[in-house]
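Chain lettering (A, B, C, D, E, F, G and H) follows the sequence in which the chains are written, and residue indices restart at 1 in each chain.
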Amino acid sequence: MMELTVYLAGEIHSNWREGIRKQAKELKLPLHFTGPMEDHDRSDHIGEEILGPQPNKVAKDEAASSINNLRTQLLIGKADVVIAFFGKEYKQWNSAMDAATAITLQKPVIIIREESLHHALKELSNKAQVVAETPEQALKALAYVFE
Amino acid sequence: MMELTVYLAGEIHSNWREGIRKQAKELKLPLHFTGPMEDHDRSDHIGEEILGPQPNKVAKDEAASSINNLRTQLLIGKADVVIAFFGKEYKQWNSAMDAATAITLQKPVIIIREESLHHALKELSNKAQVVAETPEQALKALAYVFE
Amino acid sequence: MMELTVYLAGEIHSNWREGIRKQAKELKLPLHFTGPMEDHDRSDHIGEEILGPQPNKVAKDEAASSINNLRTQLLIGKADVVIAFFGKEYKQWNSAMDAATAITLQKPVIIIREESLHHALKELSNKAQVVAETPEQALKALAYVFE
Amino acid sequence: MMELTVYLAGEIHSNWREGIRKQAKELKLPLHFTGPMEDHDRSDHIGEEILGPQPNKVAKDEAASSINNLRTQLLIGKADVVIAFFGKEYKQWNSAMDAATAITLQKPVIIIREESLHHALKELSNKAQVVAETPEQALKALAYVFE
Amino acid sequence: MMELTVYLAGEIHSNWREGIRKQAKELKLPLHFTGPMEDHDRSDHIGEEILGPQPNKVAKDEAASSINNLRTQLLIGKADVVIAFFGKEYKQWNSAMDAATAITLQKPVIIIREESLHHALKELSNKAQVVAETPEQALKALAYVFE
Amino acid sequence: MMELTVYLAGEIHSNWREGIRKQAKELKLPLHFTGPMEDHDRSDHIGEEILGPQPNKVAKDEAASSINNLRTQLLIGKADVVIAFFGKEYKQWNSAMDAATAITLQKPVIIIREESLHHALKELSNKAQVVAETPEQALKALAYVFE
Amino acid sequence: MMELTVYLAGEIHSNWREGIRKQAKELKLPLHFTGPMEDHDRSDHIGEEILGPQPNKVAKDEAASSINNLRTQLLIGKADVVIAFFGKEYKQWNSAMDAATAITLQKPVIIIREESLHHALKELSNKAQVVAETPEQALKALAYVFE
Amino acid sequence: MMELTVYLAGEIHSNWREGIRKQAKELKLPLHFTGPMEDHDRSDHIGEEILGPQPNKVAKDEAASSINNLRTQLLIGKADVVIAFFGKEYKQWNSAMDAATAITLQKPVIIIREESLHHALKELSNKAQVVAETPEQALKALAYVFE
């Protein structure tokens, strides 16, 4: 049976991914999930952890993002579809970057955001394939592919 | 002589584009600039202005963004290079979207942001070709191409 | 042994897909079939079912088509070949869209139509790889690939 | 100044193209228009006219469509944007084909149709960049790109 | 272990493919071979066999080639590498077509021809990755990939 | 006004190109023609002429074809459409290569051959956009694009 | 579980690959390694070994490189990521070629070099995704993808 | 008349480019030349010159190469053909990178090197379209395109 690989882009401060993974299991959907490093501290320090001390904060960030982007490029490259969650806090510029990258690579993107965020997201939403308000809706859209 | 078309992505609340255009003129660089609608109100209302009244706010946003994205897709498609400016205010998700879209299309991107914003922008900066702090630096980088 | 994935585009009012699936089984061909939602009502209502009530009919259609196109994009993306059936009734614009999309993605398309429809389909037929009159002919063409 | 080439896909039985061309002239927009052969008879007979008599009606259609598609492939290939008009009559499968081809080639498409046709066009509309009701709206959307 | 799929393009009048298949088996190389219909008569008549009688010889050829090209497009699309054999007889224009198609798709091509044919093949040979004189040499080149 | 660049692939022993160029001039069509080196001897010796003596005939051919293919790659890359003429004599494998290369690059190809050659050319003809019998027909097909 | 195929480009005079393979085994990472022929002599003589004696040294090199590049093209084509090691000795132009090829194909590249070599490698490093000093660091970056 | 843009990649320590430019002028060839910054010091310091002081030598190199690669990406992107010169001194890894990048982008590359360097360049030479010993030969190959 056909399987789909789903990259779960977006914030790593709430446990929205857990809900999606659990529900997919309950529905026995043939979905394989990947995503960014969810341990925020580890994500920030991974550059120095692997490549050693860097001379300043910008260089430390550059080292970390070179490793994080290696991960993202490999995993989005293997994904069939990307779900991108936008919350109320933080800049979330890399979530927007991941979504736009996938769209430009012609991979379908499902955006999850509460309606109050829609105005700021309107151009990205217009390019996404589906715009949902909850993780449950995003999963239902994927379940529909297998019916 | 070779000309370059430069799309100026990013916020439309300050006049950072003016500085770049003026400096390019003074240096007589063969640069042709394009960018988003800079009248913020017009950008928000363009959907209803052209397509007529929409049933609610989300639909109004969708109508506006369909026109705004038509403009962006055409102009980024014709651009040789994108300069993306990130300021301290607002979500600026469509700036991140424009930058990531250009990068994925293999067009070089120059990001302008003050250093305090670097951490939130680190993954996008790592994918950009040049990361600058001021519009002047971005223009100097382009001037170097013609030397 | 090599398997081929076949997307069965086209009308969902007759049971033409059943004949193809059955015949492939009898011939033990290594074909895996996918296609659109065949329950017409469900296809029309899937937007509101997943995303909730919409403000008018156009918005309801837009919600439904965003989910239907998610399905189609994923399944045509994974297909090796597309069979597109055109009947006498209905506009069938999404059948023409699916066929043209696959052709532009350089995936071979087999069109099935009765000869009386050929004139209206002549430009699409010219771009398709094979033009057949019956589902049996389309399946025979695929069987030939495995001989 | 930047110019845009616009392919006007769609029916050749009404004079909707004339209105667009005239309005563009009045507004002095730097648009260059192309489109299919608008003389319906000539379009149907062009195969035999150039390549000589064909043995039956299907072969005559095939000869004509090989020439018509040569024209369309060259002109859509050179177009920056496609406007596709759908009317109430006829199958218009090649209009749907032209629109889907342009979308898949990542060229923006503006669809014009009256609202009563929306349901049958909903999947194609969802993939188009702008959906308008009149040629005037489509032209205004292009005019906005130059503001 | 990695497997390679090899499309064996070229003439179907001698049994050069048999030698390659047998030698690959003896060396236990993880190669999977595909190729055109090797029964020449069947290849010529497959159009009418599947699609019914055609009005003249050109139309019969067109029907046959539409089915043969369906097969070739699918199989070259799935191939990792193409071996193209050129003999002394016949025009072999579809062998040259298959080789050039694969090269343009960035798939490596190994050409087999005896040296006396080199002059006529010089431009195609220059674009191929390897030029050999015997099927054994072509197979050795593939065996080297697995060492 | 739009111009089209036409690469004239195929044999260099008859003057079929002259007829096309002359007719295009008479009809004042905005066509720009390119093609291979038409001096056969020069084409064969160009490798040694530029790169110096080669150790044997195969190496001489390889040197010549590296220069000829440089020319062809540049000119087909800039062409909008390719006309490929096949005559009765010679292997003409590089004509088939040029046609297949253009088709795979999604450039339309017009084949000219007399009907007696159709059988050997049937697979290539099926992939071409137009199949004509005379240079005049090929030019008429291009003239139709400008009507 | 997802597996990654890693092409190990670079010098074949030290045993840096062995360390990577061993460490991956110890960490039970789902990595599959490929790379160039590591027997330097065999790599230099493979052209004559397979294709027979060549008329001079340049022709011998050309024969060998045609086989070596067949291997590289197939293996980099199947790789998800490339690790490229640069040492102090030799020109290593094909290592730079392999890295640049992978980057242009949008495959992520990890460069390993000691810091003293950075200046000469600065442009290539800027295009790579990760720049490391030791094979251990490169492997840790890949391990991070699976966390 | 058709013009070609030629990127002159390779070492900036000798004046090989001058000879090519002068000869092209004498022959009145419609060639437009671009290339890297030829002032070696400026190329090394351009990062700090534009972006300000960097914390260490690697960071200084990274800043410089981000500007140099911006230039190279824009100019190779606009080039029709790349001439890459390899001399006896220095690592010249970015020359190999430029050549491999152009080849992977399907742009033809002409390599110039003296024969003693051929062995180290054999894999890159095999992927190039023409391999010459002198700038004069490279220019003659381009002149042939216009005959």
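The rule is short, and it goes like this: a residue touches a chain if its C-beta (ideal position, glycine included) is under 8 Å from a C-beta of that chain, and two chains touch if they have at least 3 such contacts.
The shown structure was predicted, so the numbers you read here are calculated from the model rather than taken from an experiment.
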What's the minimum number of touch steps needed to get from chain A to chain H?
1
Provide the labels of all chains in contact with chain C and in contact with chain D.
B, E
On a CA-centroid basis, which chain has its centre farthest from chain D's?
G
Could you work out how far chain D has to rotate to sit on chain G, using CA atoms and steps of 5 degrees?
180
Taking each chain's centre as the mean of its CA atoms, which one is most distant from chain B?
E
For chain C paired with chain G, centre-to-centre distance based on mean C-alpha positions, whole Å:
43
Take the average of all CA coordinates in chain F, do the same for chain G, and state the distance between these two points in whole angstrom.
40
As a quick test, compute the distance in whole Å between the mean CA positions of chain E and chain F.
23
At which residue positions does chain D touch at least two other chains?
66, 69
For this entry, which pairs of chains touch?
A-B, A-C, A-G, A-H, B-C, B-D, B-H, C-D, C-E, D-E, D-F, E-F, E-G, F-G, F-H, G-H
Using the touch definition up top, name the residues of chain H that touch chain B in the complex.
5, 32, 34, 37, 46, 50-52, 66-67, 69-71, 73-75, 77-78
Flag every residue of chain E that touches chain F in the complex, lowest number first.
57-58, 61-62, 64-66, 68-69, 72, 86, 90-94, 96-101, 103-105, 115, 118-127
Which bits of chain D are touching chain B when the two form their complex?
2, 4, 80-81, 106, 108, 110, 129-133, 137, 140-142, 144-145, 147
Seen from chain F, its contact residues with chain G in the complex are 55-56, 59
